[in-house]
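You will see two complexes here that share chain A, one where it goes with chain B and one where it goes with chain C.
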Partner chain A sequence: MSDLIVLPLVLPLFGAFLLPIVMRTSISIGAWIGPAILAYGCWILGDQWISGTTLPFSLAIGGFAPPMGINLYIDSLALLFAFAVQLLGLLFWPFKIDQETARRQALMLLLVAASTGLALSGDLFNLYVFYELVAVATFGLIAASGGSAAYASAIRYLILSGIGSVLTLLGIALIYSQTGTLNLAHLAQLAPEQLNNKLGLTAFLTILIGVGVKAELFPVNTWVPEVYATATSRVSAFLAGLVSKLALLIILRLLVLIFHQPEAIQVMLVLGILGVISGELAAWRAKDMRRMLAFSSIGQLGMIFIALAIPEQGGLLAVLALTFHHLLIKSGLFMLADGWGGAIEKLRGAAKRSPLAAAIFVLFSLSLIGMPPLPGFWAKFTLITQLAAQTSPLYLIGLTVFLLATVIEAAYLLRLAALLYGPAAKDTPIDTLAKPAGLSLATASLFGIGLLAAALFIAPVGDLLNHVAGQAANTDLYINTVLAGTGGSQ
Partner chain B sequence: MRNLTGLLFAGGLGFMLLAIASGLDFGAPPMLVGGAIQAAAPQETGATNIVTSVVLGYRGIDTLGELSILFAAAASAGLVLGRRHTTAGTLTEGGFVLKHGGAMLFPLLLTIGFYIIFHGHLTPGGGFQGGVILAAAFFLPLLARPGARLHHGMLSVIEGFAGSSFILIGLAALSEGEAFLQPMLVQDALGQLVSAGTLPLLYLAVGLKVGAELAGLLSHLAQTESEV
Partner chain C sequence: MTLTLLDELLLFSGVTVLVAMLLGRRLPAGWMVTILYGIQLLALMKMAPLGYGGEPISSALTFEVMGQTLSWRFDALSWYFALITLGSALLSSWYACGEWEQRFRQSGGNLWLFHLAMTLNVFSMLILLASGDLLSLFIGWELVSWAGFLLMAMAGGVATKAAMRYITYAMAGAMAIFGGIALVYVSAGSLQYEAILTAASQMSTAHLWMLVILFGAGFGIKMGLMPFHLWQAPAYAETPGPGSAFLGAISSRMGLFAILLVLVKLFGIVNIDSLKIPFTLIDARDLLAWIAVFTIIFPTFTAMKQNDARQLLAWHGIGQGGYMLLGLVVADAMGAAGGLLHVFNHATYQAALFMAVTAVIHRTGTADLNKLGGLVVRMPLTFMVLLVGIIGLAGLPPMNGFVSKWLVYRSLLNEGMPLLFVAAVIGTLGTILSVYKLIHNIFLGQLRIEHDNVKEAPWSMMIPMLILAAIIFITGLLPGIPLAWVASVQQAVGLPVSDYTLGGVESASGSLDMIWVIGVLFAGFGIGALIFYFAGGRSKRVHQLDNYAGGHFLTADVRYQYSDNFYAGLMHLIGGWYRGSFLWLEQSVKSLVEFLSLGMQGLYRRANAEFYLLSTALFVIAWVVI
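Up next is the complex of A and B:
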């Protein structure tokens, strides 16, 4: 049964290769291929979770035992992310039918496959391959959003992403030149002796900056506002909600397994703090809803980087809580922005035009700010208690910035909410106001329902995340699961 | 200001790399996994070309990823280029030598391309290299006769079926109870043309896909350019 876990990774690729052929004969059949594959992927991954297969387990691709071959490592964290990838792929599926449908849907399938690979792979270079695939598929999807602005932002993203890829590859090369292996578990075994030095630190920093391009890490996040403002909302939602978190997952695995130097953690903490400050201040000044969301997402990811700098189970719990909370919220908000793009001023009085959308926006905003009893409060509360328990003054600076950021967040989100519920401008009749389209609003409502459900069942959700964090923080478990029975470090 | 930061970053990166490089032990790479693969590869995969056994065996899923990256790049380029209207090429025809030279080279390039693909498990070369030569074979007539067209439908059919057969071969191993992409039918005939089990089939799929993809992309580019 556990062998089938490779299917959610491989079937989308299979579908992507065949889609252009099928679309040539029949568009109506072709249009069902992608959603069917993703639904099947959800089913397989969900079934793994429910059937209670003993997690974690490792699956050798090609039957070559790691570290010689490539393996997939499936623990609850990887499974959770892989499931989220397939589900969000389905929710953000590009249904639009026109002459570029085949290409767009094939790229989306490739993006989903690569993201699943990022969640599951247990090999450093294999992660890089999937990271590149994510990047290339994303370029296409952004450029396909149309308009010269989308082209320009795609080109800028391409250049920055290219620099990031080169840096990541450099880091991987340094690691390989020092250890002679690429398997994460094998590296974790060798790291205390061979990578606990300047070379290891350099390798981590280059990978951090390289992967940080997708994780919206300060200062390599300049592509974020432009891309999110010009790409279609579905693409932006998938990128902001999920792809950034998968890049974060790579850094999380590297930190837990391989790099334990205090300098590495300090750099991440400082970059995270700077990200929070720059992101939230820029969001406060933004005049366009999508840009505001993009900058706010930079700030939120900065908070997650601050949480990542606490390398214990408690810190990981905060990381997971903030990550999944942001995933729900930002995906939902971008779906709302689908109809509400453009200048914020134009949204004056829009609540009368679309009461449901405005209500969902307020719900998301309150949770993002951290209003109890919404899940956002618990996520932020976890981080605050963790930060307060640290002794180093840098963490206290992080705590201060984090609390200030929350105030700024409240200022700009509630300002927009007040605009929505305020009176409409005199010369514009209510019927002409913008309104999120039906499908986007339905998707956003789904995320709203998910958020409310998480608020109702906060105790079991918290226990679950704690369990997931505990499993992810256990380095020995990872090493033993992957290398069991292969004679260890031979 | 922006130039200055760029300069500082580049300078810092260069300095860091120099400092790191001075400490590296060149000429004595740690052959931890590499050595183990060199010792075991011919028996485990049946390929004398160890690079092939790594590319298609030990790291087969990386190759699948690379194929997908190429596919994604071609699809993205198609999305961007497809927006312009393609009209008939207006460039002048190539001369006598170019035209007939291109026609004569076509079968030769085809033969070499397939030779390199089919011998990927024995000699240096393989699907990627052979595929590029195949693409060149189809692109050469286009250079000689700018008005000529490649059959895009045919190319995308070849490409799609080649890519999906790579995955199907992998899934076939899965359905036999083995791991995904596990080499099957490994015969005890090291060095023979028919050896190494499914690896040459995988390389054929890679070669056809790469060839069809590049040929399609090149002709797409040529057509878009010819109208400017």
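Up next is the complex of A and C:
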């Protein structure tokens, strides 16, 4: 039963290579392959959750038990992320049929496979491989998605990401040279003795900066506004919503399992604070909706980094709450930007043309700002109570910056909302105003319904996240699960 | 789960929102909503024992979220504010029904949105007033802010701009409160009032100061306390007429409610001597008192310079909030009673004044004080209502404003705070001058040619105005009626209670009996009339166009009216004092954000991303190694 968990990882990979061949013979069959695979993946992962398989469990691949062999580690956090990957892959599926279809869909499947791998992998080397695979798929998708501007920004992103990967690899190499293993559980065992030193710290920081390129960590995130502004909304939504969070997941795992140095946390906190300041302030003046969302995304990721820097389990809860909230909101907002992207001024009066889209925008904005009783409020509430409980003054600075940034966030989001509901510019008939594409609007509505449902059932959602955070924070559980009883083999 | 009386009230309020939302596009929506407000008021009346020292009523509804318990309950404090809220909602909504609605719809207004925003405001205010812990207080607080934003922004154009400014201020305030809540949570371990009450008694001075500043600023922004007052007047003035009557009457009092609940009841700010500012003789309470006094003076004198009647009233709304806070921080039995009573009194005359001005706008199409005049012959009843209202606002007998202001003044003298007293009197002087400008420029002088055919306001608008005028007079004559409620509020909050009688207060340090005062006043009028008639009673009736006072001509085609450049002589004396320093401050904060934003955008626009990456990596590694 639990062996099935490899399928959501393998099937999309397989599909990605198969798709161009099938597409050549029959487009109509090929067009169904991707969604079918992803739907099946969703079903398997959802089934794992519902059928109550005992979590966490570890799955050795190829019959070699860890730490020798490679393994997948599935706890509720990994499962949640993997499920989100498959589901969002399905929601953001590039349905458009043209001569690029095969390439685009194959890349999308590749991205989903690699992202699932990132969520499930139990050792550092595999994480790196999947991370690179995600990068490659992303470049392809960005470049395939538009004109020369997208191409140029993809190149720039490629270079930056490449250097980031080298840095990450350097960190991994440092760890390997010190400990001789890359299995996370094994590393967690060895870390207190072998990595609790300057070398370990250096390794962590190089990985942090390297992976930070994708996690939109300040100051290695300068690619963000340009790429999100030029790629298609679906790709941007997937990148901002999910890929950044997966990079964050790597850092989270490393932090919980291996690196407990206060300096590591401090660096992250400072960079997080700078990220919030720079992102939210830059968004204040943004004149383009996609850019505004990109800057706001940088700010939000900064908040998550601040939350990551809180050493207790409560911090982890705040991380998860903020992460999943942002995932939902930003994906939805980017869906609205499909059609509403471009200069903000052009959106004057657009609420008359598409009242539903405007209403969804307001809903998302309010939740992002943290208006009770929407879920964003609870996420922020968890964060600030945790921050206030810390004794180091740096956390209080983080708290202050966070609160001020929220005011700025409210100002620019509402300015846009007021523009939407304001009167249209003279001599522009309402029919000519911009309107989000039908499919994207439907997707955004789905996210909106999800958000409202979460607001309604906030108590069980909170308990669930608390449970997930508790499991993820339990280092001993991780070590024991992987090294003692390895489940079946494939 | 059985429904308590509080649940019933909230349920009715929720139903009102639903009715406004679903049936609001039908024509009689205004009447339906008004009737539902009436039903809510009846439900509130069933809880009337609360106003006379009854036990608090809890809601059957509680939530358990993320380890926090949310609960709701009503006590004397909530009941008193809820009474004012529902009363002003009922009368403003009644006022809106009929002719005003039709005119609003014809001029392109969205009536559905107006009713919805009003009902949402009332609903969210009731939720705020019912909050049973700090978290539900914050939730209610935010709901009130956003509902208010909806009502302010709906008119579009200038109104939306003012509302945007409001929401930015409100967000800043909310975030201050949010931060305060986090700090309280950490030190008390819970957000229940009882836990905070015990924790507050053991907090260090620095911690307490921090909390007082955070909560004080957060709640103060909603009240329009200095220096956070700039948003309020434009935002209230630009709201559609009955909406501004409602907002002006009660909305910013939510800030006072929260200050009472959190700062006075939980932190006991008026009793703490330890909150001293080093090297001065001032403590937190004095600081608040001085803020209150400046809030009285500056906005009141700003009001005097306004040329739009609604702006003038809205600026006074800010200033009057200062009297309420002043009375409360003096916090002896009389001062607190005065401050609390002023909430009720202010709501009554402010609503009446806004309604009267809206009636003038309804008939003439303008609220510009330089374009009106002489309307007393065309709208005598509206004139009467406005007259009653401004006597209340200025705090003169026989109207209710006199009672509350008298109590505040008396307590300042009793407690030995002469400087504050003098400052408060200066504020009253400004009030009298500016309300005279209001009534003169609209109703006195010579009627303008274009207003020759103006009629009295329609009855649908007149009746609520007359009811309010009656309340203003009756509670001025018999202040014991609201003072009973005020006394139980004082008890609930933990302030000393004064001995009240039907006609006022009795105390060793000074008593007031309004029945007596008004009796003497009217007797004086009567004697004067007698002397006049016995002396022959010679009077000469002159035509309205035949009266002159002073001033200067404008042009030949404008009838004689010295409304333009009113108080020129006074402005010659004090005009130089208006420097717009707060506007300058606000503008500089905005410029600073713009500037920083520009810098940050520059940071992200630079193409040398790789340089950032490598230098950060190098820097971090160097930091580790060294």
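The rule is simple: the second predicted complex is superposed on the first by the 484 of 490 C-alpha atoms of A that agree within 3 Å, B and C clash if a C-alpha of one lies under 4 Å from a C-alpha of the other, contacts with A are read in each partner's own complex, and residues count from 1 in each chain.
The working rule: contacts are C-beta pairs under 8 Å (C-beta built on N, C-alpha and C of every residue); 3 or more make two chains touch, one makes a residue touch a chain.
Because the structure is a prediction, the values reported are computed rather than measured.
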Taking the superposition on A as described, I'd like to know which of chain B and chain C A:P375 touches: first, second, both or neither.
neither
Using the superposition on chain A described above, determine whether A:R103 touches chain B (first), chain C (second), both, or neither.
first
Now for A:A389: first (chain B), second (chain C), both, or neither, which partner does it touch?
second
Tell me the contact category for A:G34 with respect to chain B and chain C: first, second, both or neither.
neither
May I ask you to decide whether A:P311 touches chain B, chain C, both, or neither, giving the answer as first, second, both or neither?
neither
Who does A:G302 touch here: chain B (first), chain C (second), both, or neither?
neither
Go through the superposed model and pick first if A:T202 touches only chain B, second if only chain C, both, or neither.
both
Considering only touches as defined above, state whether A:P56 meets chain B (first), chain C (second), both or neither.
neither
Which holds for A:P20: it touches chain B only (first), chain C only (second), both, or neither?
first
Taking the contacts chain A makes with chain B in one complex and with chain C in the other, which residues are shared?
198, 202
Give the list of chain A residues in touch with chain C in this complex.
156, 159-160, 163-164, 167, 198, 201-202, 205-206, 209, 213, 219-220, 222-225, 263, 267, 277-279, 281-282, 284-286, 295, 366, 369, 371-373, 377-378, 380-382, 384-385, 387-389, 399-400, 403-404, 406-408, 410-411, 414-415, 418, 421-423, 458-459, 462, 466
In the complex of these two chains, what residues of chain C are touching chain A?
63-66, 135, 138-139, 142-143, 146, 153, 156-157, 160, 163-164, 167-168, 171-172, 175-176, 178-179, 181-183, 185-186, 593-594, 596-601, 603-604, 606-607, 609-610, 612-614, 616-617, 620-621, 623-625
Applying the document's contact rule, which stretches of chain B touch chain A when the two form their complex?
16-17, 19-20, 23-24, 29-34, 36-37, 40, 44, 57-62, 64-66, 68-69, 71-73, 75-76, 78-80, 82, 153, 156-157, 159-161, 163-164, 167-168, 170-171, 173-174, 178-183
For the chain A and chain B complex, residues of the former touching the latter:
3, 6, 10, 13-14, 16-21, 24, 59-64, 67-70, 99-100, 103-104, 106-107, 110, 113-114, 117, 125-126, 129-130, 132-133, 136-137, 139-140, 143-144, 151, 170, 174, 177-183, 186, 198-199, 202, 490
